[in-house]
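Next, two complexes with chain A in common: one pairs it with chain B, the other with chain C.
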Partner chain A sequence: RAVHAHDSADASPTAPVKAVSSDPFQAPPATSASLMDQPDVAASADAGPKAAATALPHEVPGGLSNVPMFVEVTTYLSFLLLVMLAHVEDFFGKLFMPQKYKQLRVQNGFAPMVKDFESMWIRHVYFRLRDCFNRPITGVAGGRVTLVDRVSKDYNKTFQFTGRLRNVLNLASYNYLGFAQSEGPCADKVDEALREGGVFQGSPVAEAGRTLLLAETEDMVARFVGAEAALIVSMGYATNALNIPTLATKGCLIISDELNHNSLVTGARLSGAEIRVFRHNNTRDLEKQLRRSIAQGQPRTHRPWKRILVVVEGLYSMEGEFCKLPEIVELRRRYKFHLFVDEAHSVGALGKRGRGVCDHFGVDPREVDILMGTFTKSFGAAGGYIAGSRALIDHLRLHSHSAVYAEAMSVPVLAQVSSSMRMIMGEDRENAVLGQQKLDQLAINSRYFAQGLRDLGFMTLGDAGSPVVPLLLFNPAKISAFSRECLRRNIAVVVVAYPGVPVNSCRVRFCISASHTVEELDYALEQVSEIGDLLMLKFRKPTATKSIAGLATKHD
Partner chain B sequence: MRTLVQRVGSAANLNDLSINPNSHWVNLKGSWTTNIVVIVALRLMFGTIPWTTPELSWTLTNLSYCLFQYIMFHGIIGTPFEVNQGAYDNLTLWEQMDNGEQHTPTKKFLTAVPIAVFLISTHYSNYDLLTFVINFTAILIVLAAKLPAFHRVRFFGINTGQNELSS
Partner chain C sequence: MESAASVANLAGGDEAKRGLLRTAWDFSFRVVLRYIKNSYKDDPFRTFLEACLIGFIIWYMAKRKYNIGTNEIVLTDKEIDELVDEWKPEPLVPPLTDFEREKLDRAVMIDGPNGTKVRLVSGSGTKPAVNFASYNFLGFIDSEEVGQHAIETLRKYGVGSCGPPGFYGTLDVHMKLEKQLAAFVGHSAAILYSQAFATTLSVIPCFSKRNDIIVADESVSFSVQQAISLARSKVYWYKHNDMADLERILGDVNKQLARRGKGGLPRKFIITEGMFQNTGDIAPLDELVALKHRYKFRIILDESFSFGVLGKRGAGLTDHFNVDPHEVDLLIGALCYALGASGGFCCADKDLIEHQRLSGAGYCFSASMPGILTVAASDAIQALEANPAGFLPALRENATLLRGLLERIPGLQVEGAADSPLIHIRLTPEALVRMRRSGGTWTKEDIDRVLGEMAEEAQKDGILLTPATYVDEHERILPNPSIRICVSCTHTRKEIEKCAHAIKSAVSRVTSKKR
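And then the complex of A and B:
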């Protein structure tokens, strides 16, 4: 099946000409000239909507440079209307129906749990959309998922189950390689490990929690990502929040991307280091920050920093964008900081061999000081790891809160990690082909779906090859409309609104999985196209006038 | 006993460069245009009321725009959803913008627009004294609240905001 690696209609006149490669994994090499001398062109390694750098103070988050002004203005007006209505409703409600607002006042001598203005968004906006979020499911959330149907008779304040179950296409779960299955070779190994090793370790790793399975899995993780050693933590969030304070202390500097995940922010705050932020994926801003910080030194004393740590993510899940790793590595060579890459979404999902963002860009993993990732998204397990040089990991084993106090990862989860990673690496003799198939299928599926959406005329974000495809909806009302229409057509999606994302870019985030078949993706494209016509979401000029369902059979 | 001039403390680390989603949208594309669209819409709306002269329409536009701006940027304190564990709870939207930095392009724009509307309204009212005084008072209050000297200062009801109506 011929799949284009990128969309040539998107190329701006100033972008360098990129060769279309037939190999879906090939990423063109980034230039290594000094970034300060280059004109301000966002040189992403893969084509995608380009971030416009203008002299105006207006910020244009990457990919949103071609939005019609009509859409922008109506989006702001919608939000303005929502807020005004919320204020009016609160005002008159408190006057005429005070018992509805009882919980926001002092009652029985108890202060209210939330202030009324602080909860305004939740009460007036979130409650209207509540049926689109947190839908209860039953069974495993794989390529398809079974939702428990529910209705609300009081505008989403309470829900009642209808008793029906609904099997829907799952474009909402992080299941990149399709390991979320309750049957199969991994599940068998988990069963075996459960019978042999029990359910939990019952002890921190530093005391008695370090078993043979854990040691082997840590070695395997280190080999997988290309580092010398690795440390496994039983919780993904805690991997960041508890290990960054060990890596950076007071007197250090942490420069983090402005859209970094909450766990990285928590870890940075806990560390006591000075935190600076650079504009998302903007290596020029990073360089400016670096130069400024190095020249100025620590805040009051102007002494040199003890350590400078630059924290980025491999794949930003809300934008579907990769970090600009080659450029950042080039900066690292010049300015000699330590680089921390959080590959929560990219490990297992990117690169020819699934090794993550280093594999995708062809960067030597030894150029990244600390490689962190989670097992939740691609491996169907839970928890996270940190990989780096042996000295670093030894230090973490002695000084990190997670290694000394936190309980070791539980046995079945560890067995799942071990068996799925072995399968992807090809070390599992019986299932070697299956592992590589999953990697290839994910690459093909994500490019196919993203390209299909763009051909239909939708505005999507993200770089080519990203398994997360955000589609822009803009107006807040379209969020609930899109989600409900999809549910009616048996598709489960995740919609994201302000304040999770900037005001003018509400989106629906499709998560593609290797377990999605082409027929399912075609069905999804067809249905999304219909919904797009209903809701006026096709802001680009479509290059395919009708849905491309059936394209697969034609080329096969 | 309440003093005449109150200085408000805030837990926000205003040197922290993280984005405040509640106030960051004013810097994004389209928000300035929407501002202009709102003014035009107001003027058209007042124009559709029968028997209003252009001078009355423009005066009403100026007054209502100043009122909107005041309520939105200086009248409401805090955030409608949780941001940074309540760091911005004591600040008006104006004070939250750009992390408390003064003289940013957006602040200059939002200061210039009421002035422009005021000038247009005085032009259309043919510099009649009464309308001038009314317009001028409105704009004076709005501009006073935007002064850097008034950052985190609660004075005489300016910047005090409209707190819980029940209390």
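And then the complex of A and C:
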């Protein structure tokens, strides 16, 4: 059972939970005044808080900058060894076992489907860790999840199911608010909708696929995020990949954060617009790029750009970092670009009222031209939305690829979205406080867990209050070791290696949910601490731990 | 050297080490010097040349970097500020035209399920209509059993899976459906994606990369066009369903490759659709397979609309032509059209499916399909597999019946293969000419408007139709405007006749109107 906000505050002596719960979402002061040394930039940013001069450092100072030399060197050496082994194995394998390498050679006049080099990573590295990914589950991915147990007897080439089920603590699913449920008020609403509306809508929205339920849910989404109108898409990935091409065309420029999600990259590539990338969360670099791009215009012709679209994410899911929205909004006023914020992970999870990154920073949602988000995470549903001005949404209804060509969202998913959203907004009379309780609980849980890890001496990434807490592992061998050790202790975690993250910073990612109890989190911390000792993961010195803890308190 | 090193180690201490370093430096310096002297003695000109070369390398590396192809102008900060102030971006979206406004205002709104019979919102109440607009070929949207089972699934799996398949988003029902699909199609393995459009968008770029070659039918649906553009391969388009044209291009491509000689064989693909969304035609798979082997091109087949519809068992184009499904290297299908669930899948060899689990963007980077929809698809396949005679003959009968009735309507052009349940109708050019007595040409918008009127007229008679919509500015070749009719096996004979009748009167009412 989930413990309510105040109970958990009493139950946890280590973290400053009480202070957090009283005021967990104070927007940190913006650091916009020191963006660049341009005099008029400073003037335009004058409106921002003067506290900027004493801007708080990033939660983890420098992020990846203070990695112990030994760790870094051994990480690179490990990868080098892996690659060398792979080449040696391939060389002798091709020599002595040509049958096994048939797929990689020209056969009967057909070029290999997957080239030697392209599949090197999969064949030699991924297969060693394959048991840590695609672990099948059954039932609901809630605070706990039931794994379908499997074993491999041939080094992960094939898996056999043992027929057993394992109920484990789930620190892996994006179930931030704990709405992934098969019982309870939301599920009841979905049940009702299924009885009334069937399962699926057989048309794209633009071709006789618009239903009352869809229209009502769209209106609610718009109200929720604070926009004039919204458009719902049946898949999160497609929300970006199929809508960005309508928002930017040839002659436009897309400036994108280097760590943006693949769907944003795909959308940008499909749009035909020029794409430039700025360094992750570095508004200075963004401004530099903007100044250069506007001044130089389009390449070769120097024609002015039709539009500039800056694409950022609200919460970076592999880093646990928030985008620097207040600074970017300042830049938007000065440089007149259009701002696209992907709130896939932040909507529902951030902000006092759960409205996402705008709510968190106290930024007016109308300062963001395009608010995109997904329902997969906090709402326990699927699909995504785009919200913005009415003119934008009207245009998208007729010209977006998702509205014209893709299937509409199915009935149960719509019902789940609308019922969970209503609950978060406190509009569900019977469960008026449940949504807010979940929001508070998530804020407390994520701070408690992240702080706990830091106190233990682990190296974590991310901003305070992020429900995603990445813990750095570095060495590739520790990826599988960590995941397997966790599973042995009945904890499900997500480990991420290259190509998901840069080669030198393999990590494990914990996703905290409002449905985790303090006991569960304590259990996880205890077990992770043991694993940390076993795998030598506590890179921080105890002195550093203290100052970080102090910083976090001040930050709050 | 080695002995010196061991001596130094024995002696220990800093001085010994430093001495050793000095000895090593002296030694190497002497070697280099001796080499230069010797070579100068033998060939003074070569030494001179080498010195020049070293000088050039140093000069080249020290020189300021420049980028090829940019013509950037150096500006002062003040000038940049002025340019920034002057720059006026276009608005994010253009204002709606009158016609677009009209289209939005007139869009149909459905209350409740979107099955064969729908309730249209009109004014304050609702009005019943028979649905010929939705892709509900096998009528699974109306299925009671599927609906009941969905509720049971909800009570076990909830709604969202809350994660991508790689990260605890793979449900046991996903694996079951994948096995079922592979067995049903007759291929080795299958992979599920959570949206049909994203399936194509992921599968094609996953295998066809830069430098590879794609030869594609020019009438393929938009999702295939987008996937091809994402792949960045070299693309050739052949005339719609024209095998002679295809063969000519395949021959040309192979000739070009032979002329190029070495440099590695690129992957070569023929991409086409099973049943074309934009025309209702069926691709001649038997001929494609023959060409595949003759010219060594692999086949990527988008069966989004043919899966569940064509063939004796409803297993798609391979079933229809009785071709071994393994001949199709990548078979892409949709669960959201015939099966009334959601998402798409790809069938291929095991290795290629496993490759997609790490490289298929829509699989890796998106949450998996909700359990309810997965089970709905599973149920639909089971039902179709158990009793194809309960669905397919009725579907074909209905399609042939409606097509026959429509072909008899004067002024109407009917497109698509004979028993395809996807029928495109449009006004004949003669009818269009007759309608405009004052002369003048028809713009696309005019025709769209007329088709919209036709659909509205039909709605008055209780038939829901929709003009085929496209994002005009993004289609490679914009298909001719048409009304797309989707026949379902659950339509009764009476409903089909009513539909034909409604279209007939709509045509006569629209064409008799003076313009």
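Everything that follows uses one rule, which is that the second predicted complex is superposed on the first by the 485 of 556 C-alpha atoms of A that agree within 3 Å, B and C clash if a C-alpha of one lies under 4 Å from a C-alpha of the other, contacts with A are read in each partner's own complex, and residues count from 1 in each chain.
Following the convention adopted for this analysis, a residue touches a chain if its C-beta (ideal position, glycine included) is under 8 Å from a C-beta of that chain, and two chains touch if they have at least 3 such contacts.
Keep in mind that this is a model prediction, so the values were computed, not measured.
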A:G143 touches, of chain B and chain C: first, second, both or neither? neither
First, second, both or neither for A:E258, with chain B first and chain C second: first
First (chain B), second (chain C), both or neither touched by A:Y335: second
Partner chain in contact with A:D116 - chain B first, chain C second, else both or neither: first
Of chain C and chain B, partner touching more chain A residues: C
Contact residues of chain A, present in both the chain B and the chain C interface: 119, 122
Chain A residues touching chain C - in the complex, by the definition given at the top: 38, 40, 103, 106, 108-114, 119, 122, 126, 133-142, 145, 147-148, 170, 172-175, 179-183, 186-187, 190-191, 194-204, 206-212, 215, 234-238, 241-242, 245-247, 261-263, 266, 269-270, 290-291, 294-296, 299-300, 302, 304-308, 334-338, 369-370, 374-377, 379-382, 389, 391-392, 394-402, 404-407, 410-413, 416, 492, 494
Chain A-touching residues of chain C, taken from the complex the two chains share: 69-73, 75, 77, 79-81, 83-84, 87-96, 100, 103-104, 107-115, 121, 131, 133-136, 140-142, 146-147, 150-151, 154-163, 165-175, 194-198, 201, 207, 221-223, 226, 229-230, 264-268, 296, 298, 329, 336-337, 340-342, 351-352, 354-355, 357-359, 361-362, 364-367, 369-370, 372-373, 376, 464, 466-471, 473-474, 484
Residue ranges of chain B in contact with chain A within the complex: 16-19, 21-22, 24-25, 27-34, 37-38, 76-83, 86, 89, 104-106, 164-167
Contacting residues of chain A [partner chain B, same complex]: 56-61, 64, 67, 69, 72-73, 75-77, 80, 83, 86, 90-91, 94-95, 98, 101, 104-105, 115-122, 258, 265, 275-277, 498-499, 502-504
